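Chain lettering (A, B, C, D and E) follows the sequence in which the chains are written, and residue indices restart at 1 in each chain.
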Amino acid sequence: MAASVLKKVVIEKINEVAAVLMQKGTLIAPVKEEAGANFREIKDPKDIYLDYYNSILSPKMVFFPQMEDFVKYQLAKPKADAKIVEMNLKPAFLFGVRPCDVKSFEILDKHFYASGIIDTYWKARRDNTTIIGYAFDLDKPVDSADFYNTLGIGAADPEGSDIFIVKKDKELLLKGITKKGEALLGELSMLEKADAKDEKYFTDYVKKGKEKKTRFMKVDDKAVAKKYEDIFENNEYWTKMSDACLSCGVCTFVCPTCYCFDICDETIFGKGTRRRIWDACMFTDFTLETSGHNPRTKVSQRLRQKVCHKYSFSVRKYDVISCVGCGRCTRSCPVNIDIYSMVEEATKL
Amino acid sequence: MTNFKQIEENLKKEAKKLLEAGSVAVVLAYTKGADEKHPQPFAAKKADDVANIIFNEYCNHNLARYIVRYAPGTKIAVAVKAADSRAVVVLIQEEKIKRENLILLGIPVSGMKNQKTGEIIDEKTTGGLTNPVVYDVLLGEEIHTGKPVSPYTVLEQYEKMDKDARFAFWKAQFDKCIRCYACRKACPMCYCDPCFIDQTKPRWADKSPQSHGNLMYHLTRFQHLAGRCIDCGECTRACPVDIPLYLFHKKVAKDCEEMFKQAAGMKIEDKLVMVDFRVEDSDKILE
Amino acid sequence: MEFEPKILGIACNWCTYTGADLAGTTRLKYPQNLRVVRVMCSSRINPSFIFRAFQLGADGVLVGGCHPGDCHYNTGNLYARRRLAVTKKILDFAGLEPSRFRVEWISASEGNKFAEVVKEFTEHVQILGPQTKFKIAGVS
Amino acid sequence: MMSNNPYIPMPVTITKIINEVDTNDIKTFRLTFQNKEDEQKFKYLPGQFAELSIFGKGESPIGIASSPTEPGYVEFTVQKAGVIVPGLVTAALHDLEEGAEIGMRGPLGKSWPIEFLEKKNIVVVGGGFAFTTLRSLINYMLHKDNRKRFGEITVVYGARNPGLLLYKNELAAWEKRDDIKTNITVDKGNESWKGREGFVPNVCKEVAPSPKNTVAVICGPPIMIKFTLPVFYDLKFAKENILTSLEMRMKCGIGKCGRCNVGFKYVCSDGPVFSMAELEELPRDF
Amino acid sequence: MSRIGVFVCHCGLNIAKTVRVSELVEFARTLPDVVVAEEYKFMCSTPGQELIQNDIKKYKLDRVIVAACSPLMHEKTFRKVIAATGLNQYLLTIVNVREQTSWVTSDIEVGTAKGKALINGAVYRARLLSPLVSRVIDVNPDIVVVGGGIAGIQAALELADTGKQVYLVEKSPTIGGHMAQFDKTFPTLDCSACILTPKMDAVLQHKNIKMMTYCEVTEVKGYVGNFDIIVKQKARYVDHDKCNACLACTEKCPGKGVSEWDEGLAKKKAISIPFPQAVPQKPVIDRDSCTFFLKGKCRLCEKVCEQKAIDFEQQDTFVNIKAGAIIVATGYDLMDTKPLVQYGYGKLPGVYSALEVERLFNSAGPTGGKVTLRDGSEPKSIAILHCIGSRDKNNHEHCSRVCCMYSLKFAHLFKEKTSADVYQFYIDMRAAGKGYEEFYNRIIEEDVKFIRGKGARITESKEEPGRLVVEAEDTITTKFINLPVDMVVLSPAIVPRADAKDVQRMFNLSSDKHGFFMERHPKLAPLSTMTEGVFIAGVCQGPKDIPDTVAQALGAAAEVLTIVSKDKMELEATTAIVNPAVCCGCQNCVRVCPYGAPSFNEQKNVCEINEALCKGCGQCAAACPTSAIIARHFTNEQVLAEIEGLMEY
């Protein structure tokens, strides 16, 4: 890492960086919206909103958009015409992702990419994208919902990003983390070379990031996975946990590591698209079979599926807890259900 | 201004009494979530659970939502604010629950706050009503702020809008929708399982979150809630992308009140306006 | 070329559909922009049919039922009146011109009225111009 | 990239449709490949399934009923799903005629563990409509090149009435062979029924296979499974030696969409074939 | 997936003149699932029908679309055509290219374009049609007639004569109803008893009629063809099987009650028959006036009864009846005019209501047919006041229809039986019946005085105590009148029975705003009700005279026969059903259905539809928020698809 390049730029000049990236391909960065920040494709560099805490929807939507078209078809005589929808990707730059979200990409990689059949769409988008991570602002308080420390993630962890940014007063320090990132930094001529003080600032910032405290409990992957296997049929716990749960899909839709989807054919006037869209294990019809049988009719069963999937099944299948402690589900939950408290309570059982 | 501490005490006392006596199977109230500022709905089932009950200015959630979750005939006590009580009234009218199976612990409220912004939301909730419209026990003094508010004033600016502008406004709002369905799940009146939007035969709207499917979902939901929406604002509060659904519901409620001379959930004896008619209904309502 | 709107009609079997037939038997002429779906009673009309019709590109929707009190099923149109009144308010607040949606009571003997209403409504929709607000983008 | 896209169906033609039962709601569809490459790539074993696809309706996962020993085509036996409101895809399939083109993705999932079954005696127990992948297995084992690889083969197959038995001609053919013991039963016979009457679990009890070096492969409606398993436990079959195939709502079929997730398994990609020992490890959530 | 055939008719030039038929055919051929499209000059002709039938076979069609005249014209014809080939008749779709296309345009471009859109819509819809099979149910041939007045009697006799078993349920101890109270009937002035009592007797004698007097229906379940009715037999305290109608009991009985039969003008014994010609001729004990029931001892009747028929221990019993159809003929009440204090009824002894006067005229009545006032004197002048409580927006808006005529009859009878002056106070004379105007003219000639003006008030005369003064405005002379008379007869509004609401609920009838039972259609189904298999006759449906009542009774009997004369009946196939998997139990369907077809199953928390009651209007389907209700042949899917198809072109 010592050999890697560190560059810097004054914040005002970020527009210029953006302009170059937009020329090279698609730039995706946080923008301010009514309800808060979200990652969107940037059309005007002025829209980039670097003063954000974290986005409402997780940046997984860049690789796993809520809607992905597979095939376009037309019902015709004598048979339907079908055409595969080509992705025609331009290089993409995902700018300003927080460390915990960067971690979520690694987790999803294990699912979509590194085991079993490769999901071509995820892979194509992932391969095509340069991730420019962005440390949390250590001068600002952490949100009470966050608990990424619990999952071993620091506020300024550069791992997983191709380029990692920390803020230094009115400047941004940009560090190339991977070859891909370094190469990109080399192409951005408006960046200045950083000096040794900047180097130290960057290294210290990453270190300080480790000390920045979110909610924390000691969680051992294997132990918590086992715990949830043990209490899987503990109805009292699950009922208590789900008494308030509305069984809506907010938590799963904002979650950076939820990946369930549905495949559906949508047709109008005989022309249609087969596409996948996000689905959620919290929806009643998620496991409803055509026969009418539904193994998960109760809210408690659905909530159990969600929590166990993240903290137990994922550990056993992919060797990782499928949660990064970003706090989105807790922040977005209409009834303030908090997965951290849930796990905390489980570990006490 | 509600004395929240006092209400909390009374609520605990009543809940404890009811649970100890076994007169109810569950008391629907609030407990703390991640912290006190983030309370969550709570189902106290044992006298011991009562210690966890809280009540503060952030306890906005409409508890009527949870009643239909229990088997018919279950005796339930519910802490009801004005909005919750109106929802309970509609549920009784719609025969989803029986009055005799409910014990309503009424809470007069003033000074309720939005958890995200901290702003006082009394006037924005259920037409500014402070006292529950029906209850068995009132856990505090009735509150009369003396400031009658029209629940519909907020609509004026939208009603005044030019149609095209209004369409543009709503299109932008509905386009944000990610179809997480938190609105329908938070709504105390949306007890349908499954919702029309989950049907495959027919598929009323595409499931993908595009303009047209979103529009169909929301408009149909407004239609389904016509004459039933009690203006608690839960849909809007639940929405992760801040679509001001309450405005539309309010507008439909206003129209229904004007046409059918009745606001939803005010009196148990009222008829359900959308599954009722008067011979003397005028064709004017169609104009 | 003059704008030729697409108008969906939904007519109850007993009154309006029969009235429409009567307009035909008496050879009344009216604009042919209307395509009628027959249902048994105006109360069969699910409000979402109306929303859907506009999404599919209808420039206007005309619902026809028996006169209140004359419903073949006694009270169907009285329920329908309330339901569709709400639908109209919803369309209005959503920003669609509410006059694109019309409910008319036309009896089996009112072939004349049927032709009149269709003519008048078609002309009205023609003036309003194409309905693009609800129409699903990118479909013919 | 798109050539390896696991979500894109290959085009196949329906070349034969057989109406299997009196109630006309179960049909067997024979599909042939339109592209030679597809056919060559489609290497499957009994117990696997494929997603049948009709544009405008969607996809439906169906177990493969033919055996890989029958080259040139793949067969699926499809029941029209749903009671009052029929399933979109299965109903549409039933409306199709020979010559129609549909889509197919697969083969998907794990097969019956052929290597594990080799050199062992096999008891195949099936009930009603859930006999399709068992038929594939039996035909596979009975093939002249394969028969020697397996020990004794015993079949217990039952249906509610004679009209609801699948593959009637094949059943008759098996009954005539001496390298397979075929026990066909119906819950209730009719005038022309000369065979056995009785429930599958009872027949299993009567047949009473020895657990020694024997594997039981069981598929059927939940109620049949519920009463058949104890019979085999009583006969001292080890849980590792009782295999079944799970039903769960599936979409993608390749372990990505999360729908069929039970515990740390995806039924579509880690199953649908499981031994009772494996199932015991999973939470009871299916 | 479907195999659709499209057949376009020229209808000579009727269609072809403004619609290019061959272009429609070409167009249809391009549509997915359309296997064949053909045209023909007259599709409804035999060769046209054969063309369709041959194509169904040749192309193995499973859906047929006929583009021709209105479905109201030939849908039935074409349904038969395709049914003859074995294809389910509901797999037919008619496209209306004549009445609603070719005939209403003169522009062939426009007509052709519309025709295409309509055919496209039909193809979209046809794909989703399902075969429907009408359910066939067994029909119980027995009939229940509720109400033993002239309507019930007439209907029962008529039905019994066809060999059907009839149960005639009557609330009071005798059949006969109001008509049995009358003396003469207008306009013919024939004696009411003379025409009614033979019929009453015929009921008693008829082997196919089970007469159930002193009975009330308490519960009705089931549906057309299969009603389950529970009838309460009120305790009579007399075993009618033993009683030989000697009436020795009545003679000895010391108990005195009020005779409802004589409108309270006379007393009756506690054990008695209502009037001498009552059917049955067997007494019942009135608990309210029976000395034993009041004081605990007496039982004189028991002592005198040789048959040992008296049974003070008797209890109400309940009988179950199964029937295929029901006629409700429960009649009417006269409005209680006491609340109209201005007329002094109940306070001024000289004020009588119309039915009381009927009893005064009747030779079996309290005065033996003599018209006397309560003090026994003969009135010298009599005023008859029309429209008391009817045609009155403050009371009953409706016209009671028979008052004008019976008031004329009263005038005649007064003239005949007394020498009094008779005055009629009327708003309008309504004499719209056969022979009525003639009767009116005859009465005018009988020196009856007609004053056009509604009686406003009756007071006691100050000048002549005991006499009455009628106050009214003569609207012809516009003068106020104060007319002294001895007797005033009020013609009160005819109103529904006091318990009409209960009856309505029990039989699932609807009522008009006055409370009279509603017919299914005011013109085309005047005797049917919203409940299939339940018919109404007589005044319970609205005020009417005896001839109309009898006509309705006969009509209702004929309607009933169409049901019970077959042992099976086919139910409507296009009914609604509930898909319980998606029903949320909101009960909207229960609330909106005019026929009571849906009901809520509390155990399963879902609604269910009784197909036998469903008429297929589909309004439950529109009220159902979850789309759980499938309105067959007009399902959400089918309608949506048709809309999509129509909007595509």
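One rule holds in what follows: contacts are C-beta pairs under 8 Å (C-beta built on N, C-alpha and C of every residue); 3 or more make two chains touch, one makes a residue touch a chain.
Everything numeric in this text was worked out from a predicted model, so none of it was measured.
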Common touching chains of chain D and chain C: A, B, E
From chain E, the most remote chain by mean C-alpha position: A
Of all other chains, the one whose Cα centre sits farthest from chain B: D
Pair sharing more residue contacts (C-beta pairs) when B-E is set against B-C: B-C
Between chain D and chain B, distance of the C-alpha-averaged centres to the nearest whole Å: 49
Chain A and chain D: spacing of chain centres that average the CA atoms, whole Å: 39
Distance from chain B to chain A - Cα centre to Cα centre, in angstrom: 32
Chain centre separation (chain A, chain E; CA means) in Å: 70
Multi-chain contact sites of chain D, meaning residues that touch two or more partners: 83, 85, 100
In chain B, residues with contacts to at least two other chains: 193-194, 196, 201, 204, 274-276, 279
Shared-contact residues (touching 2 or more other chains) in chain E: 581-582, 592, 623, 636, 640, 644, 648
Touch relationships between chains, expressed as pairs: A-B, A-C, A-D, A-E, B-C, B-D, B-E, C-E, D-E
Complex contact set, residues of chain D against chain A: 1-2, 4-8, 55-59, 81-83, 87, 90, 100-101, 103, 247-249, 251-252, 254-259, 261, 263-265, 269, 283-286
Chain E partner contacts - residues on chain D that touch it in the complex: 83-85, 92, 95-97, 100
Residue ranges of chain E in contact with chain C within the complex: 70-73, 96, 98-101, 103-107, 110-111, 113-114, 117-118, 121, 510, 518, 520-521, 530, 574, 592, 594, 615-619, 621-623, 631, 634, 636, 639-640, 642-644, 646-648
Parts of chain A lying in touch with chain E, wherever the complex brings them together: 75-77, 268-270, 292
Complex contacts: residues of chain B adjacent to chain A: 33-35, 38-43, 61, 65-66, 69, 115, 176, 178-182, 184-186, 193-194, 198, 206-210, 234, 237-242
